[in-house]
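Okay, got some structures for you below.
Next come two complexes built around chain A: one with chain B, the other with chain C.
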Partner chain A sequence: MQPLLEVRELRTHFELGDGVVKAVDGVSLSVPRGRTLAVVGESGCGKSVTARSILRLVERPARIVGGQVLLYDDVAGKEPLDLLAAKDKRLRQVRWADIAMVFQEPMASLSLVHTIGDQIIEAVRLHENVGKQAARDRAIEMLDRVGIPDPKRRVDSYPFQLSGGMRQRAMIAMALSCRPRLLIADEPTTALDVTTQAQILDLLQDLQQEFGMAIMLITHDLGVAAQVADEVAVMYLGEVVEQGPASAVLSHPKHPYTRALVRSVPRLGQRGQERLVAVRGTVPPPYERPSGCRFHPRCDAFMAGKCDVTVPTRVRSDEIDVACLLYGEEER
Partner chain B sequence: MLRFVARRLVWMVITLAAISFVTFVVIKLPPGDYTTTVIANAEARGQDIPDSQIAELKRHYGLDKPFLVQYFTWIKGVVLHGDLGQSFAWNQSVASLIGNRVLLSMVLSIASLLFVWAIAFPIGIYSALRQYSAGDYFASFLGFIGMAVPEFMLALVMMYVGFRYFGQSVGGLFSPEYADAAWNLGKLLDLISHLWVPIVVVGVAGTAGLIRITRANLLDELHKPYVATARAKGLPEWKLLLKYPVRMSLSPFFSTVGWLLPGLISGETIVSVVMSLPTSGPLLLGAVKSQDMYLVGSFVLILSTLTVIGTMLSDLALAWWDPRIRTRFQKG
Partner chain C sequence: MNLLETKGLTMHFPLHGGFLGRNRGFVKAVDGVDLSIKAGRTLGLVGESGCGKTTLGRCIVRAYEPTSGSIMFDGVDLAPLSEKQLKPYRAQVRLIFQDPHSSLDPRKTLRDIIAEPLRVQDAGSRDEIDDKVASLLRRVGLRAEYAHRYPHAFSGGERQRVVIARALATEPRLVVADEAVSALDVSVRAQILNLLRDLQEESGLTYLFVSHDLGIVEHVADDVAVMYVGKLVESASTEELYSKPLHPYTEALLSAVPDPDPASRGQRERIKLLGEIADPSKVPAGCPFHPRCGYAEARCASEVPQLREIGGRKVACHLAEQLDLKGVLMDTTAP
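Here is the complex of A and B:
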């Protein structure tokens, strides 16, 4: 089946005074329709920059230097729209109407001097030809839908009058107010406590059932990914090293990096004496990417003369796409 | 809100009472009084004033009474009859003496204030949005020059240029033929044709300062997440910048706008002396020099009243502008 969104060889670089940081360097992934894709990886692996690059929201000194972001139409067979090549006006139409975003800090990503209603109504009226009252009714309906009590009153509240969890709910209400086909949630629960986090994740899943939208969830938390994702894409140093069904990737990971990540997560029922295994080594400095496979200096399955020379290409192994030289020769 | 205003008004009255008393004390601190000036002037003319006449003068002006009696007589007149007392040097009531000048001062100050805002805000906003562009550097350059050149210097240069190249009668707010004429259209036009020079002179430093402040405030806001949210919503760039970060960046401005009020009648003293403008600044300077105590006292009282009112107006303006402040007022 045709995906909803396909990112091909996306490259976003930070052009700094003392060099170029290739934060995103050849990311390819696809978001299936109506499902949830979790993009996981350590801090600094480029997952947030990838998310922002999709809607061209990166700011100086970051610059998208290459690749394609293809948004497919609902009608099969129609040419997809390349968001990176689209005109500004066309892109603004796609923003929020087709692809909406929820950010990490609800307090910082909502304007504190405008009411929540004002900010939702603005989005609705920007993309749909509706009157003020109809847009306001929509805002109240959405606030009600995301579980904000007393939405008729809350619509006139300012974000600082709500708790953190409620703020993120309001942000989600705003994101869904134009019925987007894709919701990009960039660490939506990182700033919240664990109980609230679980509630927000449940809410996202309910809303996905109801609205049938796809979700691209950016998270560093494998537990969160396991809870909600249908598909998982694992990123390392600006690349996707592995993408596949969540159950397969998280229980039988192919890439040595994913294996190491999964091993480093504590499990319920794990014996107390067992030490958690951290991923060996440290993330290399941003200006120097290792040659060959970027993970080779930290890899347990390092093959000298091969991994440090050859750049691995993506191959399919079982249901998983993986970029590792351990795979492929026989399956290719 | 009403309770807040009422409480502030009570505090204002107490503050003003304290200020008026302290002012009176300070005026009385230097040795001697107005008669000292009279004697000095007489001696300068080679005359000698007999002691009996000095005693007569003291009695006439009430300077022979105890300090507290002098103070309460004066303040009673101010509070009960709005009578600010007599100016010794001018032998006129203080009210009639400063009335006209205060009006002209306010015309000049308000005009230059509007000049400052009209120029500084657009340039400051432009400078921030196009940070490090040629236009930004140019604005910064002009800004630094504007702040560094003293006002009196600028006044002298402009008067020279006005006289030398445009044949304008320099100095004052009126041409000689209108100076003592009654108000009519000709006099008004004459005033306007003279007013622009002091407006520019008084306004340049303020403009330069406000450009820097606007630019810095806006740069602080430009990269906040809520701006990214607005962009993700698909708002056109200029619209979102004006609605969100520019609005946020003006809050500090509102919190200081009230301080401009006292400056309206005393801000341009040096320029007024240099350009011999019939405003209130030079009058105050002269009164302080000759220990014309009721004139000085009234001036300080008017200035401090304006300061206190200005601060309160500032707070109210800020509450009106920023809901975070407003909701706090409403609670307490």
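Here is the complex of A and C:
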């Protein structure tokens, strides 16, 4: 089936005085329609920059230097829209109406001097030809839908009057007010407590069922990915090293990095395991990308003369697309 | 034997505001906490933000002067001691902070950072201190040559190793680790958790491990205490608490932890808590958890439950005997 969104060879670089940081360097991934893709990886792997690049929300010194972001139409057979090549005006229509975004820290993305109601009304009226009252009714309806108590009164609240969990709900209400086809959620629950996190994740899943939108969830937490994702893409140093169904990637990962990552997380209810298996070493500094496979200096399956020379291309192994020289010998 | 025992430990912060900044009540950050840690063991202290777990940790290292209550450390009550009287204990009780980026002075070399507590404690000549720093760096898995570099040259995990080396410099007996691995990435986090465990085995350290992450606490702690709005609601051995919680709040917390195994999806029942964590300046009457509790009865809204002992564990819930609460599955068949 045709995906909703396809990212091909995306490259976003930070051009700094000391050199170029290749934060996103050839990312390819696809978001299936009406389903949830979790993009996981550690800090600095480029997952947030990838998300922002999709909507061209990157600012200097970051610059998108290559690739395609294809948004497919609901009608099969129609040419997809390349968001990276689209005119600014067209892109503004896509934001909110087709693709909306929720960030980790709602306080940084909500205006402090406007009520949450006014902010939702503005978004709705920018994209749809509706009156003030109708937009306000929509705002109240959305606030109610995301579980904010007493929405008729809360619609006139300022963000600082809400708790962290409520702000994130308001943010989601705003993002979904124009019924987007894709919601990009960048670490939406990282700043929240576990019980609030569970509420927000449940809410996102309920809303997905109701509105049928796709979700691209950026997270560093494998537990969160395991509980909500249909598909998982694993990133390391600006590349997707593995993408496939969540059950396959998280239970039987192919890439040595994913394997190490999965083993390094303690699992609830399995006490007694003496030591965690840690990934060796640390993420290399941003200006020094290793040659060949970027994970090779930390890899347990390192093959000298191969991994440090050849850049692995993606091959399909079982249901998983993986970029590692251990797989698909015959294809090369 | 208990190395540390708090009795009725209380920390209230006055709230100022309004006309002439008069007192408008108190934030009851820590409210009558009884807690004990056995020597050489690890006590996990869990709870959500605002529950007072950090304040409790800071009272124990005496960064705060508690409002009331006692902190018995090896037979001495630290709570009423003056700064001067505290000096010998400052070496024995140390704190590891959460964020390794802000807890290291960027203008000091690793040597000066690690030697700082030694200098305060007058621990010998320059050469002796240099040797000490070198051996501390090696103990935490860093190279001794790094002593003359500055923190900016190191990654988050390496900096946290430096923070740990500094905490160990005075050969403490009790280390309060406040969200010590929360700011680290998963792959590095496992390295630091393993290091903490090795150090405990080598030198019999006792840890108070403060964390919001129940998955990690299960892995590191021998015993666990759960806090809710300034009060201890339950404490037990890790195994008992995770397999069979006695307090509804513990049950809800455990059910909310996302399991990294996708096969578990939909198998565990998630308990939906009503509303949000209570404001510690306006604690609800009766049991502080009752407005969010699915099992609450009439008396929960009026009578404050005391922490009491049931079968060797402690719980503050009126209904503890009647409820049959669910823990997280213990896979005893796994090797």
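Here, the second predicted complex is superposed on the first by the 327 of 332 C-alpha atoms of A that agree within 3 Å, B and C clash if a C-alpha of one lies under 4 Å from a C-alpha of the other, contacts with A are read in each partner's own complex, and residues count from 1 in each chain.
Keep in mind that, in the parts below, a residue touches a chain if its C-beta (ideal position, glycine included) is under 8 Å from a C-beta of that chain, and two chains touch if they have at least 3 such contacts.
Small disclaimer: the values here were computed from a predicted structure and weren't measured.
Taken together through their common chain A, the two structures put chain B and chain C side by side without a clash.
In the superposition on chain A, contact is made by A:92 with chain B only, not with chain C. When the shared chain is aligned, no partner comes close enough to touch A:16: not chain B, not chain C. Once chain A of one complex is fitted onto chain A of the other, the partner contacts of A:278 are limited to chain C, with no touch recorded for chain B.
The angle formed at chain A by the C-alpha centres of chain B and chain C is 80 degrees to the nearest 10.
By the document's definition of touching, of the two partners only chain C reaches A:221; chain B does not.
In the superposition on chain A, A:111 makes contact with chain B only, not with chain C.
Applying the stated contact rule after C-alpha superposition, one finds that A:158 touches chain B and leaves chain C untouched.
Within the superposed three-chain model, A:267 lies in touch with chain C and out of touch with chain B [touch as defined at top]. Using the contact criterion defined above for the overlaid structures, shared-chain residue A:247 touches chain C, although it does not reach chain B. More residues of chain A are touched by C (comparison of chain B with chain C).
When the two structures are aligned on the shared chain, A:55 is found in touch with chain B, with no touch to chain C.
Here the smallest spacing between CA atoms of chain B and those of chain C, following superposition, is 6 Å. Under the contact criterion defined above, no residue of chain A touches both chain B in one complex and chain C in the other. On the side of chain A, the complex with chain B involves touching residues 52, 55, 57, 59, 92-97, 100-101, 103-105, 108-115, 122-123, 126-127, 158, 160-161, 171. Put simply, chain C touches chain A in their complex at residues 48-49, 155, 157-158, 185-191, 193-194, 197, 212, 214-216, 218-219, 238-239, 242-243, 252-265, 270, 272-273, 276-277, 327-331, 334. Residues of chain B that touch chain A in their complex: 223-226, 228-236, 243-244, 247-248, 321-324, 327. Across the interface of their complex, chain C is touched by residues 42-43, 163, 165-166, 193-199, 201-202, 220-227, 229, 246-247, 250-251, 260-262, 264-271, 273, 275-279, 282-283 of chain A.
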